[in-house]
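Below: the structure, in structure tokens.
Chains: A, B, C, D, E and F, in written order; residue numbering restarts at 1 for each.
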């Protein structure tokens, strides 16, 4: 195996496919995605290892991995001493941070954390939950929950559980009484690896490419031809913070305009441009956008 | 809930995924596509509701929905009083209208509708079938069929069934003796909603974006560089009804040509352009094409 | 059926989806991909037939098919007399040729082919295996293996089996002692069909479109704006063998640069260009690249 | 086809597997259970046809079928004129009748049917729902619902929906305000078929065998040896309404006792018998029990 | 590995589950049925190996296996020199022999084998097909078919294919013109193994247990109590060739009758016995029946 | 809810189906087995709750549950203070205790636990692993592993993992260097619940019924008729520790023999009895056997 090798942890489970898609969009070919814990990547200087997000930061801290992707929640839960390279927002639809909430059955009399004094809490996030209650000086017992935590809300006194949309809590007739923590995905590195010139540059390159791919996900390229007389009107419709590329055509009455816009801006812009006389409007997908 | 809200019905079942893909291509992010009857969309002014195509026009007529997507067949079957916003051809491969046909077993003696006098017909499209026979003054009994209609062709005297390719009829050894109705997908609106300024504009914007996405599905962007001396020859090869964008390059012996073509034209054009001396020919995918 | 019809065999099994995706990228719409042995394609002059790669070359030689896709290994195994139109490398990740290897259990004393004298070999590739041993003047019995060949390595004396990554052999604790043959995918034609003007041109057009789609898979389009003063520096970063398209902008201090690059070059180029002062760098996907 | 043939409808869907299992336990071999609408049965005098429970009674009334299995609810909904042969309780766990209930969202102000005056009801059971409201002289509009009725409770004013355990209603946060109808499975026959000697006897034989298999499902055979001196004590423990078979053994101090008991009685009896000195207690499964 | 070990081949594929169920009913516990090619069995003197029925007889002949289960068809196709231990009819529903038939498209002009002179036949059963035509002195070319043979009937001139019910041929619109061979499952042994005392006895014991389990599949135990006065009448109803076990009860007016009957006899007997005054009739399942 | 209610934890996951089957065989009907965490059981005095085996003993100790099923390993890992009611061996094939083993890669230089001094161990069984090494006075770091522990053997220095057959370790090329613990399933109770008369009796009854069902799994009932003259010979063949039930028949030359035997004894006995002249030998399945 090459001396110059970056051991990179990929989170197994809910983020796994999103991460592989992001690497693909960033320009890497990964094979054996579903079958192996060591998927192959077409870069000899990177070795991928699939691990659960929950244990990622421990293995990065131990130096078993040079870098990896995990949630802010598990970095805190594991109290890991690592370098945070960047936050990764994946895509607009998953960009909202997840939350760990304290929840009780709808029919429970518990209204606030203090009402749980002396009770039992079931959660996968034991340490962070203990700290939360210690800070509030509330005495509780925290039991580690191996999945299906919502179900336990009626066996013990309350649960601390992850929620993205709140739909699972709702389906179980649970009520949120407080938020313990919010979390997003982080790209983290081992402290020793970060001091290694090769590894640091490799990690930064991956960071640039992934972020360029993330930015491209919610943007499109847009092109149109404009009669020179309409140019000023059309330019006013375009987002102010972006400067479009305007190029002359052989037919000198017209110019071609090209611009990169957010896809929700596109939805608004397309009908407006049509009315303003733009012709041959097309939009096309992007792989990467670098600011 | 916002006052400004469009309640929009999406057809559950065979068109569901095609519709979601179309919305995605039109620039909307939809989540919970498979799990919920109320998928979330990243536009606060739209609420999506999944319903069967069969019942869509009734709920649009009742005002339970402001607008929705369904087949022409079910609008007629339900005799619904609604506004038809536009026809949606989804993509070239599904652009052929579906047909409701009157079919009998291959071994049946029935040759024409009149031979069914006094018989029983099984169909999901009861009302349209009754009207068809009333118009021909043929007396029949129509039984509603809950699926697997082809199987019933040998229990009763004939069936009226939907067919796209005829392959299911063929597999069941059935013979078509007449076509009752042809149908395509329609975007429909409630009459009151259509009088509401906000709702009408919202519906029209959705219609523009979906149609632009549909058009983009079967087109590609094509670029190439041409020596100025070959320009005339190459331009003759291009489809007459489209005007290519021709731009000067820094190297003044060449121009760059860009044009949007149908993908079946592309298949013919690529080898021809290669022979005509075009260099650096590439084609790329499009998200939207607005005429 | 049209007189002008090309009967084209598509390999069923592991290459099936890759082939359909390639045809899609080449601009063909194919339906009924999974359900039928005669998938429909939107070109009336082509009829597709799904057959196993193993038997493809026999049916092409017999004239049952005009052309088809199969592996070099099965052309040799069947000793088929056909025209090889071109090699198809599908995509970079599958571009490595597959190998047929002679393998024995890790614990076996067999070190070289000669040690197998008088033994039994299980394989799916009976004829090529016999030839290999005949050439070496080693006397063995070859039994045809219906799948699960790795398992038989411990029932008989050795196996000859296909390997892409060696992982299946490793999982079964087998050791490779020689390579019998390497193989890639080939587009082949019947000798009579190749003499028919219509069929030959049709086959060549398909070959051009498929290869253009294959080339596009590992390339991206890249655009950026460059201040004229930085142009020389930037041009040096770009791959020497490609000439970028440089066009003037209305803002005369800048030029727009557009270039097609391999996706592994893109991974290296993006950070370098960013540092060299390029602005508005984007990359976008391609459908076809014709040299 | 034989003159002596009983055309028998099997309900497709939720009761399908339970019905096939019952026929198997009754001694019939049925093949092609999942693949065909005409499963084969090893009795040349019976032809099976799979149809939805909803349409069964119509085809039995029309004489398309001689007999069939369906729910009481759909007999009433279709207002079918047929002979009811017997009620079938399948097994203890499914023996509770299903109910069609009138339900509204938890948050609705509707408390009683009268509050729905002038509203819209969505249901699959249109006719029975209309009759229910006509009888109460409440004016409502009933819309036929193609599945997912619970979801519609928040689109219209109320729904009428089937419920076995109430869990689906609960999951959708709905509240029951009345029961429209209760229903169990019925074995029904066409009136003409019931007058045909062969068909009536065939239907009755099937009824005997199915009911014997149903009875056997919740019973077990129990055997034990008892010292003659303990016989009286043990007999008192056994259910009074059953008479055990007592037989002498070669060893004349003991008798063997055999009895058929309900499986919930067995649960109580086994520990009690053990304490009373019974030896060699075993229980074994039964195929049929005929009273 | 024990000296006393029987290597036993189990057919992979369509017979696999039926074979495992039969071994279970015969009293063997087999684990890893789906995951391994070497399923474990709770008898240290047996080693199971999963192989395709097609290649079984070759490996038995070679001595790689001591014994195995396969079809008569593949013994003939492979021309294998083995000992046939017994025929296994598995169960009544699968007891019908399978057939290899010569089939052509419905629309073909071929009426009899002779019409195929000079043509191409596709089949998996190459050798047996060649022998069939050689015997009839018809000159044909036989191409080996890797599955989906029915589909090839329209590519070549005819096919030879396996059929159990004829439904697959029917679905492909094919017509049978002759039967080449009929086949059932056989338990076969290697000739050397058959001379080994330990192996022969082991094979025979397995044969006894499997056949006892097969017999039990279609039989039930039946018990009832009869008043002595009705005994003669009841005995006449019972199958003549079986002698029931009649035992006295403590209550001397009654006797208990026990008898083993075929399950199709049971269907006829149950209603008749009920009418003849038998009380407490029960039937129960059997594991093994030894004649 | 009834005052008299036993809250009973069922282990979710690998033992779940085996446990439900055992309850079914013990005579309980459980529904909603797969869909709900609170499956319904037809005994109003029992409430079932699905929890992971790993957390079961904690919730039993806390009194959240009255009783439950879990492994000995997790009782020790959690250091839970509970009552052990009985060991449950489920069935012969799963009766072997599972083992937690210390394993290293085949290629590792580690030969014994002491070689791991100063290293990292990944395991799901953190506490028991720590105790094991403390006792041996070896200093190691134990990291909790969220699944896929075998994969981590090459990231850290060794793993402690569960093994039933050793096949997963073998597939990952790992070598066992010691056994940390062996474990079987236990029925456990809360200490307070065990002092409650109702709950203790309920728990004991369940224990009796489950054990009777377990015993019945590997036994069969066997019956045969014997001529009185052969009786002595036959009796000698039967297992000495069991006394058969011998009863007179009406035909006084014969007796009927009935005996319960282990299924592996049955495999040996059947051929022997046949040779000894027994007639009408049958074996039948059992639901429960109580000693």
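Everything below uses one rule, namely that a residue touches a chain if its C-beta (ideal position, glycine included) is under 8 Å from a C-beta of that chain, and two chains touch if they have at least 3 such contacts.
Only a predicted model underlies this, so the values are computations on that prediction, with no experimental measurement involved.
J.: Name, by label, each chain that touches both members of the pair chain A and chain D.
T.: The common neighbours are B, F.
J.: Trace the shortest sequence of touching chains from chain A to chain F and report its length in steps.
T.: Shortest path length, in steps: 1.
J.: Going by C-alpha centroids, which chain is farthest from chain D? Tell me that one.
T.: So the farthest one, by centre of C-alpha atoms, is C.
J.: I want to confirm something about chain D and chain E. Since they are copies of the same sequence, is their interface symmetric in residue numbering (over half shared, so same) or not (under half, so different)?
T.: Because under half of the interface numbers appear in both copies, chain E and chain D meet with different residues.
J.: Report back the single chain whose CA centre is most distant from the CA centre of chain E.
T.: For chain E, the chain whose C-alpha mean is farthest off is A.
J.: Roughly how far is chain B from chain F, centre to centre by C-alpha average, rounded to an integer in Å?
T.: 58
J.: What is the distance, in whole Å, between the centres of chain A and chain C, each centre taken as the mean of its C-alpha atoms?
T.: The answer is 35 Å.
J.: Going through chain C residue by residue, note those that touch at least 2 other chains and give them in order.
T.: Within chain C, residues 247-248, 284-285 contact more than one other chain.
J.: So in the complex, which bits of chain E are touching chain F?
T.: 26-29, 31-32, 36, 40, 42-43, 205, 208-209, 212, 216, 221, 245-248, 255, 260, 284-290
J.: Which residues of chain E touch chain C in their complex?
T.: Per the touch definition, chain E meets chain C at residues 12, 37-38, 49-52, 54-55, 58-59, 62, 64-65, 120, 141, 143-148, 151-152, 155-156.
J.: State the interface residues of chain D toward chain F in the complex, per the touch definition above.
T.: Going through chain D, the ones touching chain F are 92-93, 165, 167, 220, 225, 247-251, 256, 263-264, 266-267, 270-271, 273-274, 280-285.
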